[in-house]
Structure formats: C-alpha cells, structure tokens
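In the two assemblies presented below, subunit A is common to both, partnered first by subunit B and then by subunit C.
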Partner chain A sequence: MLRSVASLPLPGSVQARLRNQGFVYCEDLCSEKGYDSEGEKVMKQLGIDERLASLTYVPPTKSALDVWHDECLSPRIVTFSKAVDDMLDGGIAVGEITELCGAPGSGKTQISLQMCVDVQIPRSFGGLSGEALFIDTESGFTPDRLKEIAEACVDHCQLVALHQNEQDMGQQIEKFTVDTIMQGLYYTATHDYVELVAAIYSIKEFLQQKRQVRLVVVDSVAFPFRSGILNSLQRTRALCDIMQELKMVAMRYNVAVLVTNQLTTKVGPANESRLVPALGDSFGHYSSQRLMLGCLQRECYAAVLFKSVRRKQSSAKFQKEASSMKQADLRVMVKRAFKSVCTSTIVVFPNPLCPIPSTLSAVKTPEDTEEDL
Partner chain B sequence: MATALQRPLRSRISIVQYAATRSVTSTKPDTQNDQCRKVTRMARLCTQMNPLLEEDVLKSLHQREICTVVDILQESPDKLIKITKLSFKEILQVRQSIIANYSAFPIKGIDTYNELLSNTAIIPSGVEGLDVMIDGGFLTGKIYELCGASASGKTQLCLSIATHIAHDFKQQVHYIDTKTDFSGKRVQEMLEAKGYHDEVSGAVMERIQVTRVQDIYELFSFLQHLKTSLHHEQDGQHSIRIVLLDSLPVLFLPFLGNNLNDGWGLMNQLANTMKYIVTEFHVTFFVVNLAVHFSEEENIATDVNKECLSQAGNLVVSDTVKPALGKYWLDVPCTRLFIHKIDSSDSRQITVMKSTYLSTRKHCKVTIQPQGVISA
Partner chain C sequence: MASPDILDLPEKVRENLEKAGWVSSNSILMSSDHELRKLGNLTKEECELVRTRAAQSVLASGFISVTEAVCSLKEKWQRLSVGCSKLDRFLRGGVGVQGITEIAGESGSGKTQLCLQMALTVQYPVTYGGLSGGAVYICTEDAFPSRRLQELFCCFPPTFSEAQTNMNFGDSIFIEHIGDVESLKQCLLVRLPQLLTQRKVKLVVVDSIAGLFRSDYDPGDAVNRAKDLQVVGGQLHKLAEQFHLAVICVNQVTNVAGKKNNETQQQPVAALGLAWANMVTTRLQLCRTAHTVPDPHQPDHTVCVRTLQVVFAPNLPSDSCHFIVTKAGVFGIN
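Let's turn to the complex of A and B:
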C-alpha cells in the first residue's frame, strides 16, 4: 500500500495539480532509489521540492524508559501548598497543560498569580529562575495583588537563605526582589476571542525572544468564548486550535501552560443540575491535568484533582494553619476572602486607549502600565 | 492450531498457547504474490512498467492527460493507437501486463484460512474481566475502539494493556500518543505496584515504544514508516502485535467546520492504512475515542448512535453520551468498547457497544488501582 498525495499537508490547489499530472502517490514523486525525474520537475514548479522531507517527517520513537527519564528530570513549579503539590506530583508540570477550573471566587486567578511568582524563585532555592507570561482575558489581573504575593515570596526566600546560610543562596537572594519579580512577568490583555486566538498564536514568536519564560498563563480561556457570538461548532473548533497550539508551545519550548476555566450548569436527564467545567467535553479532552477549585467556607479552599494520568482522583484542602505559618504567609491567597479585597482595589487595567498588541512584542510589565494610568 | 480461532474461550488464553501461535513460521504458498510486491507499484506510468512504454510514447500520452495506470486502462484501444502510434497487438500487450501487475491474485479459500490460523493470535488485555468479556483477548487483524468521556480511564486502560503485553509476552508494543498523555511515571508505578524488580521493569519499559504525533499528517508518516519496517520483517517473526493509539479525535477536531470534507477524506485514508496494516501484518489496532455529551455538543459533526446505544440497554448514562468521530468511523473498528464511571471514583464499567462477533449486552466491571486497571 502506498501513501496517497492527499495525505500530505499540502493545500488543495497543489494537490489538484499533482493529481492532474498523474501523481497519485508519494512514491510517484520519489521512490526509494531517489527522485523521479518528472516528479522532481513538478515539485520544483510547485515549490515543494525542498519541503518534501519535512512534509513526510516521521516523529521520533522513544521507549517508555526514556519518556520516564525525561519526566523525572522535568522540573515542577511548586504551588507552596503541600497538599496541592503532593496531589500534582510536586507542582505544575513543565511541558504540559494544566487546567484550573472553579466557580467565581474559588481562587483561580490567585493561584495563577502565585504561579507567576513561584516560577521566578532562584535555582538555588529549588525554583526555576524563570519568567512568566500572563494572558488576561477577564481583566482580573491586579498588580497590587501580585506585589503582595511577591513580597511574601521574597520574605520567605530571605528567611530560608538566613537559615541555610549558603553562598549561592546569598548571592541569588540579593537579585531576587519584588522589582525583579514584577519585571519578570509579561502581561497581555485581550478583550475578545479574536484577540485571544491572535495572542496565543504569537506566543511562539515571543518565546523565541524571551527564552527565560517557563510559564504561560491564560486566565481565563473560557470567558471570551461564552459570549455566544460563536455557535458551538465554531467554538469547539477555535478552542481545539488554541489547545493544539498551547500543547505545541508547551512541548517545544518546555514551558508549563496553565489555563483557567469557568463552571457551567449541566442539567441531567432527570432535570437535576450540577456544576461542571465549561467549554465542553472536547476541550476537557485536551488538558492532561484538570484541577477543580472551590471555596468551602471562609478561608478554607479545596482543590480536587479531576483528571490526571499519573495520580488518582483525589482532593486536598488548603487553608491557613497556625502550625505552618511560613506556608500560610506565602500562600497569601488563603488569608482572606480575596474577591472582596480585589474589587475594592481593582485597577482599571490596561489602559483602554492603548490598543492591545496582537503580537506580544509590545507587552508591558505591570509597572509600565501603571505609569500609563 | 485451531484453538486460536475458537471463540468461546472461557478462561484466559495461556501464554504457552499464545507463544505457540506466534512461533509457527508459515511458509507462504504465494511466492507469486511476493514477487509482485517487489515491483515498484506506482500509479503514474513510467518506462519501467513495460518495454513498449518508451519515453516518447509516454510523452505523447502525458500530453493527452493520460498519466496514470487507471487512465490508460480506461482509454479505448483505438484512441491509444492514435496517440502512441503502437500497433493494436502492442497496446493489448501493454494493457495485459499492467493488469497482471496491478490486480490482486485470487488465493484459495483454504490457503487464506490456513494462513489466518497460523498467523492469528489472541492478545489478552491482562484485565481478567475484560478478557472474559471479549472471549480471551484482542484478535490480531482487527481494529478495536475504546470510547469514554473525559477522565473515564481510557488512557489508564491503554497503559495497563501496554504494560501487560510488554511484560507477560516480552513483546514490543507501539504506543502512539497524540496529546502527550503517555506517562512513563505511571507505567513505572504500575510495574512497581505489581512487585517487579527494577531490572524487569526497565526491560518492560524498554519494550514500550512511544511515538508522539502532533497532527494527522505525522501519524500518516509514522504509519508508513511502521509499514515499511514491518515489511522488512521475516515471515512469522511478528515483532509487533499490538499498536495503541491514544487518542484519535484530537487529530480530527481541527477539521471541524469548513474543512469537514478534508477531515473525512483523511479519516478514510487513515482507516484504509490501519486496515492494511492489521490484515497484512497480523497486528491489532487499539484506538481511543472520546465520548461527548450531546446536549452540549449538539452541532458537532458526530451523529447520535441511537441504534447502537439502545442495543446496550443496560447503560445508564448512554442516552446522554455518544462517541465522537461520527457514523463513518463507526464502521471502521470491529468492536467498540465503552468505558464509564460507576459509583465510586475508582470503579468503571466496560460495555461492548458494537461488535462484529461479540454480544453487545456484555459488560464487565473494573477498577483503577496503582497497578493499573484490574477486574473489580
């Protein structure tokens, strides 16, 4: 059995021309012995002669042992909540998509901001010394809050450095300040799904310039798609494209991708209703890990691992406990009911007069934007 | 030997039996067929096909848009004489030789049966309840499908099967991973939970070959590559007997909407390639499909498989869930298994949703444990 030309990633017009000239199979174009002289001529005409190798690229095969080895070496971004870290096998995985879903006020954005800070923890502290890219669709990003989290994180690291008294740590802690954390976060805001799709397609280019970035956050991927502009078929399609691109970015550039999702009400056959993650089943199929967040009562939050290949479904509570003050300090997000705090100090952000860049080259750090305001 | 095809196997097929079916090297009766394979089979006319098809003859044929084998067979001899300036006899000779080269040869029924017997194997999944349900295991030469909602344990079952075959039969397993879901850590955990030594586990994991494909085109390239490498194998060697593909819908979702026809065309080609590989090299394809709730995904290109669902009458959730990929794909797998959550978070039920040889009412209960998917 031969490979049909139609199974090559070529545009329809090129395929039609090949068919008209009698090239039905790839083997017509080039056999094992080498290129067919006529085939070569046609490919040159169509401008695909040099690309044929990449068109028929065979992905490499690895043994499970190698995959395991790579997995063990791949770093994790800690969440600083021991229960959640344990549940996620040590934190958010680099090279994968992790999905956070939850009702309003369940702490999705808070965890996202926390991760943006955590990814920047210096290497000697067990961090990644990375940077983060934050794509905001809900205008839920608050620099004040980020600053608070950053302060807590720096305080914590200083405390660790004081106790450990290692030279590496001492040197790196000096460079690890709230300012550098704020510098190390790239922020982009999108206002509708078109901008979001454009922003996601430009991540690749952005990451080529900023090699330090190890975390990409999309908060939230659901919001722009729930306006009802797209019908469900178009929506599924657009979401698949987004997730495919994010998956590719995560793998190729070895970054962690964190997307947040909202909840929707589903009515069952017996008219009972329950809350399920929004955006449908096809979307859920893409994320390799799905974490559901919920607020149990004041100051007590819970995370449930909904889907994971590695870990069984489990749940964890994270809350402020007197015995683990250090952790709680850092995990400022659980100190208070944040939604109320945030709304009172919310900054109109970003400047509505400045057009949102469709490429990320013009992305500003939060501080720059504050000056604009 | 006949036991290999006897369906009502109550117990799990023994390893010995499996090994026996495997080790038999069949001396292929159809040497003629083998020779045919060596001829480069191309659709485009070329000088190697027949000495009468010389360069200038081909040139004049191409000018009249007769480029492929099908074109020349469809054209009337009168016209061909005019175009090529060959005699009637020569034209017939060319046609004869092309037909002889390109048509399939009839083989005696008994020969195909014997070949099937000596080459078919039953591959146990390693999950006891599932094996009983599917009469001992997966038959080679067939395509199986597993569908289920998100987080229902599809990947877990795939990993279990891969681990089981790589360990119990010391065979290579191909695992095609389309959404980077394959987890080496999970496989290692399964092996550890089963109590194997590190060296054994290492060897098992060495035998599981993982290929990560990004899109449907890469999958085609990989399958062609797999086909070529299986071609070079000696008869009866059967180094690979199962290929797992997790998961399929991800590859076709980008074609939703305006490109739906392209997607169907590619789906057809994929089915074709898979069927060729399973029958020609006696392997099993185990593909994973997604089940979606149709209240939410009403406009998605899938059709409600109402008939198939009503047959599986004991499904509680079936009326709200349907497999993706639509009706066309329904034809491709010989058996479609449906996995869904019941009661607690660890137990699952697997049901036969469609099958050419199993009763569709059959079902079994399994649980997901550290050592993999096991019978409940």
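Let's turn to the complex of A and C:
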C-alpha cells in the first residue's frame, strides 16, 4: 500500500515543499531498491534523509500465539511450597509485579527472603541461576535468617544432586554455596519514602551493570508511605510513579518484581469492617498477581490468590518448617524453610468477591476500626 | 539535600531546573515525568538523567551485596542481651537493634521487669552482650519503679575482667514521665533526638505505648489514633535506624474470642490493633501460667512460671519458652 507523505510526522513547511515538487507518497521518495536519485536530492536538501527510515519504520508484530508461547516458556521462580507454586502456575513470573499482602507475622518477609535464595538455584536444578536485589524499608531483613534459608536450600540441592547423579548438577552444585548466595543478593535499606523512591529510580542503572539480576524485592512498599507525612493525593501520585517504574523495569529487563504490602481495616457502608490491602484501591491496579497471606495457627500459613491475570481465585496452605527431618532439635529447625505438607488442600473459594476467611486476620482485635485514607 | 549543582549535570539542564525552582534532589524525585519535561523544559533523555543523578545523591550507599553489607553494616544487626543466657539463646542473641520490639502481656506478666533488666545489660560492653550505651526509659502508666531498679543494681554487679568495675548503672538511665500523646510526640520528635546526639544511648523503652493510646481517644476517633500511632512508630523506627538503638515498646493485651479445637476461648492479643501491629518488627508476648517452681534464692518460697512467646519476628520461629522472675531478675528455665 502506498503511504502518503502527509501521514509522516514532518513540519508543514517540509510537507508543502515535498508536495510542490510532486512527491505524494513515501514510495516516491524511496523505492525498494534504495533511494530514488531525485528523491534523495530533495531529502538531503530538507535534511530528512536519515530520518525517513525511522519515520517509516513499522514495529514488528507478534501474534497472540507467539505471546502465549513466550509466556509458557518464561521462567518461574519457585517458592518451594507446592501448593503456592501450583496456585501461581509454577512460581513467581518474571516480567511481572507480584504483590504479597498480609498482616504482621503472616510470612511476607519470609517468602521474600526465600525467593531471593530460590532465584539463585542453578539452571540444571530448574532454577534461574540469577541474582536478586532486596530493598528493605521495614528493617525486617536479617542476614542470619537469610543464611538459614540459604543453608536449607543448598542442602536440598545437594540431596537432589546426589540422587540424580548428573554431571551438570555435580558441577553446578559446587558453585552453589551459602557464600555465593550471600554474594548474589544485593541489599539496600531505605529510611523514608524519598529514599525508597530514589532506590527504585536507581534500579534501572543497576540492572544495566548487573544483568544477572532476575528478581527485585521491595519489602515493604507500604511502610514508608504510611508512616510518612504525605497527604493522600501526594501519596497516590508518588506510588503510581514508582509502581509504573517498577513495571517498566520488570518488562524491559525481564525481572520478577515482588512487593509486599500491609493490611488495613476498611469500614463498609453498613459499618462492618473488613481487612483489605493497604495503600488504597488504585494501588491494586499495578500488580499482576496479588497474594494475600495469613497465619492460620502456629507454623501453618495460608495464601489466597486475590488477583491474577491468569488464574481464578484460590487459596493454599503452606508451612514454614525444616527442610530435613534429620535434626532432632525441632525448635531450631521450625522456621528453616518453606515446605508444603498439604499439597491437596487448594481450596477454591466459590465467590470471587468472598471476604477473607476470618482465620486469616491473625492480629485483628475489636479495636480495629481505623480506616485507610 | 543536594542542590542540582552537585549532580554533575550539563549546564543547560541545570539552568532549566533552577529556573523551574527545583533546588533539591528530593523535590526532583517527587515530581512526575510530565512536570519535569513541561516546567523544566527537558527532553526525555535529560529527564531520565536528572532522575538518576538525583536518586544517586539521595541513596548514596547504593546497592551492595549482602556479604559486603554484613561487614560494613555490622552495627545494624547487633543484638542486645536480655541478661539471661537461656533467654538469649531462645531469642538468638537477644533483642534486635533495628525496628521496634514489642513486649506485650497482661498486667503482672513481667514486662517491666524484662525492660528494667535490659536497661542494665545495655550498659555492658559489646563482648558481654551489651551495647555499652545508656538507656532512656519513658514511663506513661506508673511511676518509674526505682526501688526495683536499685534492687537489680545489686544483682547485676558489673564485674568484668577488664578494669571496668566501678561502672555506675544509675548514671546513664534517663527517665521521663509522660501523660498524653501530644507530649509523647513532642518528646520523641524534639527532645529525644537532642539527647541521643549528646549522650551515648543505645536503648529506648516506652512503658507503655498502650497506656496513652487506649485512653486518649474517643472510640469513634480511630482514624486520628491510627495516624498518631504511625507518626510515633515511624519516628521510633527512624531513631533506631539513625542511632542504632534497640527500641522496646511495652503493650497491653485485649481478650479476643478465638477458636481452639472447636471451642470458643478467650485469647489475649496485643492491644492497639492492626495500625500499630504494622509498625512492629518483633512481637513478644508474656503470660503467667498456673505452675510454680521453688525460688532459687529463697528455697521456702515459690515463684510463678511465665511464658515468653514469639508472636512474630523476621528472624525467629514462632515458639515459646518459660521463665521466672525472682529477686535477682528475669531468668529462663527449662
């Protein structure tokens, strides 16, 4: 099809001159073999000869089938909890924002740390051989806990390598140690919302240097904005800006972004209160997957898939416990690693708008009536 | 707060920024792309450059690997001994120096005892589990139990192998009585930072946070209460981070009807609701049990066995252990 010169984003004066000289279509200016000699001369005169190629550039198209293939092949970061992995189609997806929300003590930081370790599992074990970036706003990060999770993960991989007895695995397991995991996790602590914003705007440049990074964790995105002195308008705007930036980072660098969020009580029209993720309704638009966590009882946790672009709402139970049963001292090993015990307890809640099971509201007390603005 | 001058930007960009009134990195970071381009008359690339430079100047430390962080930020992950080796082992070294540690429990469960004891251990040298700094004790409920503190002075003799025998515990415990939320805010936002810059203080105890916030507000005024809690909690977090303090907040409990084995039971849960719980890093809960054991110091007396439960913590499993309170302080038992 012939493309009219008028459709090119050129100044009116340039277009008028082209028209006057008889160039009506782009194809008049350049043929498939190359530039038309006359056209070339005119374009040189007008100073658009180099720009024409970019002006007439059509972005390549991708069919839905291609996109689907890509999505199927896109790597997942496993959570090591079968039930949660199943719920998320095999783990946390790269190129997307996944949000974890939950009451204090529901395991948000634990899952975040676990993911930082899991993303580093070597390729031959089904991992990503990646690195991770952790932005800590709540002072919940402790190297001791990371070390514990890393030890459990390395032990697990060594066990797998022993049973599989493959050469690839044997080679890679030697390079997969607690030290390399600690080395492969980048950390920064932010103390207020300006620093958090600064940290998020620094990610892009950091990722250009460290191409290995496949996971960015912000734990939590809610804390600095809720304790800060911003009014709700400023807060919403700043949040939209950083979530947009995170989304861009996730897509351009193909990394998984994991953000954690707190819960708040919302009072309904009939004066009934329920627990909802904090930071307002607009925040929910940015994450592709929204997972609500809760503590059912000691060491038994539940996850509800609140929002997903792929899956219907479902829930799963998972457990923080020891990775191996060899140690006798149960007390030490309780929190060693996440491991699913109830793989068959994926309960699908019938109503997509169902309230969170009351058992999930671990710390809710009668005094909870504050409303988030 | 850096001005655009030190951001190492091209002359033209800097002039544009100054003309539009952006003089600090903070204000650049908090404005949208659209504003920067329109008011600052910048191109998309320049805009990105300004953003990146502003972000770098605010976040000077950048991203470092955890291996490096463990070395360079060692102070951040220190722990303060609670003064008993059994309890320390249970808490993996004691109470963390980052964030807020909350001790909740019904009245008489030993919350104040534990805090008083830490006001002493914080003055121990680092090699003995302390932080070799003073303590600030903010009382909101009762008068400060000075007699009990004097009693503890005798039981925690500062006997170290080094020549530090004449350490006087009382000299570096600063006590403040506060009666309402406004004064607490004023104390935390203005007076405490001043004290912290002048004296080496490594522990701040607020005994109790619930006393003020449960009484000062009308039942319908929950929104303001939540906001005030966030200001107080945020400030405590900030001070902890800035001065590497251990911050301990004592909290009361409320009874909530909970279900256990299909029976409705009254369960004590820390007060102040979700707004406060979101600010807490580590929550410990104390309670008394019906059991008694003989007092190790006075064999003819018995003392009540209490439990210390980790409700949530980033680095501890949810678990519980037993302890007793005697004349000589708080001790863990098997």
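Keep this in mind: the second predicted complex is superposed on the first by the 257 of 373 C-alpha atoms of A that agree within 3 Å, B and C clash if a C-alpha of one lies under 4 Å from a C-alpha of the other, contacts with A are read in each partner's own complex, and residues count from 1 in each chain.
In this text, a residue touches a chain if its C-beta (ideal position, glycine included) is under 8 Å from a C-beta of that chain, and two chains touch if they have at least 3 such contacts.
Treat the numbers as computed from the prediction; the structure is a model and nothing was measured.
Of the two partner chains placed by the overlay, only subunit C lies in contact with A:T190; subunit B stays clear of it. Legend: residue contacts after superposition of the two complexes on their common chain; A:D241 is shown touching both subunit B and subunit C. In the superposition on chain A, contact of A:S139 is made with subunit C only, not with subunit B. By the touch criterion stated above, A:A199 is placed in contact with subunit C alone, subunit B being left untouched.
Legend: residue contacts after superposition of the two complexes on their common chain; A:L65 is shown touching subunit B, with no touch to subunit C.
Residue contacts after overlaying the shared chain place A:S232 against subunit B, while subunit C stays out of touching range.
Of the two partner chains placed by superposition, only subunit B is touched by A:D28; subunit C is not.
Comparing which residues of subunit A touch subunit B with which touch subunit C, the overlap comprises 234, 237, 241.
The touching residues of subunit B, when paired with subunit A in their complex, are 40-46, 62, 65, 67-68, 71, 149-151, 155-156, 159, 162, 166, 174-175, 179-189, 202, 204-215, 217-218, 220-222, 224-225, 227, 247, 249-250, 253-254, 256-257, 262, 265-266, 269, 272-273, 276, 280, 290-293, 295-301, 319-320, 324, 345-346, 368, 370. Chain contact summary for the complex, subunit A toward subunit B: residues 1-4, 6-9, 12, 20-25, 27-28, 31-32, 36, 38, 55-72, 89, 95-96, 231-234, 236-237, 240-241, 244, 247-248, 250-251, 266-269, 280-282, 284-286, 288, 290, 306-307, 309-310, 312-313. Only residues 103-105, 109-110, 133-134, 138-146, 179, 182-192, 194-195, 197-202, 204-206, 222-223, 226-229, 234, 237-238, 241, 262-265, 275, 278, 295, 298-299, 320, 331, 334-335, 363-371, 373 of subunit A touch subunit C when the two sit together in their complex.
Put simply, subunit C touches subunit A in their complex at residues 25-26, 29-30, 32-33, 51-52, 54-56, 58-59, 61-67, 69-70, 73, 76-77, 92, 96, 98-99, 214, 219, 222-223, 225-226, 230-231, 233-234, 237-238, 240-242, 254, 256, 269-275, 277-281, 283, 311-319.
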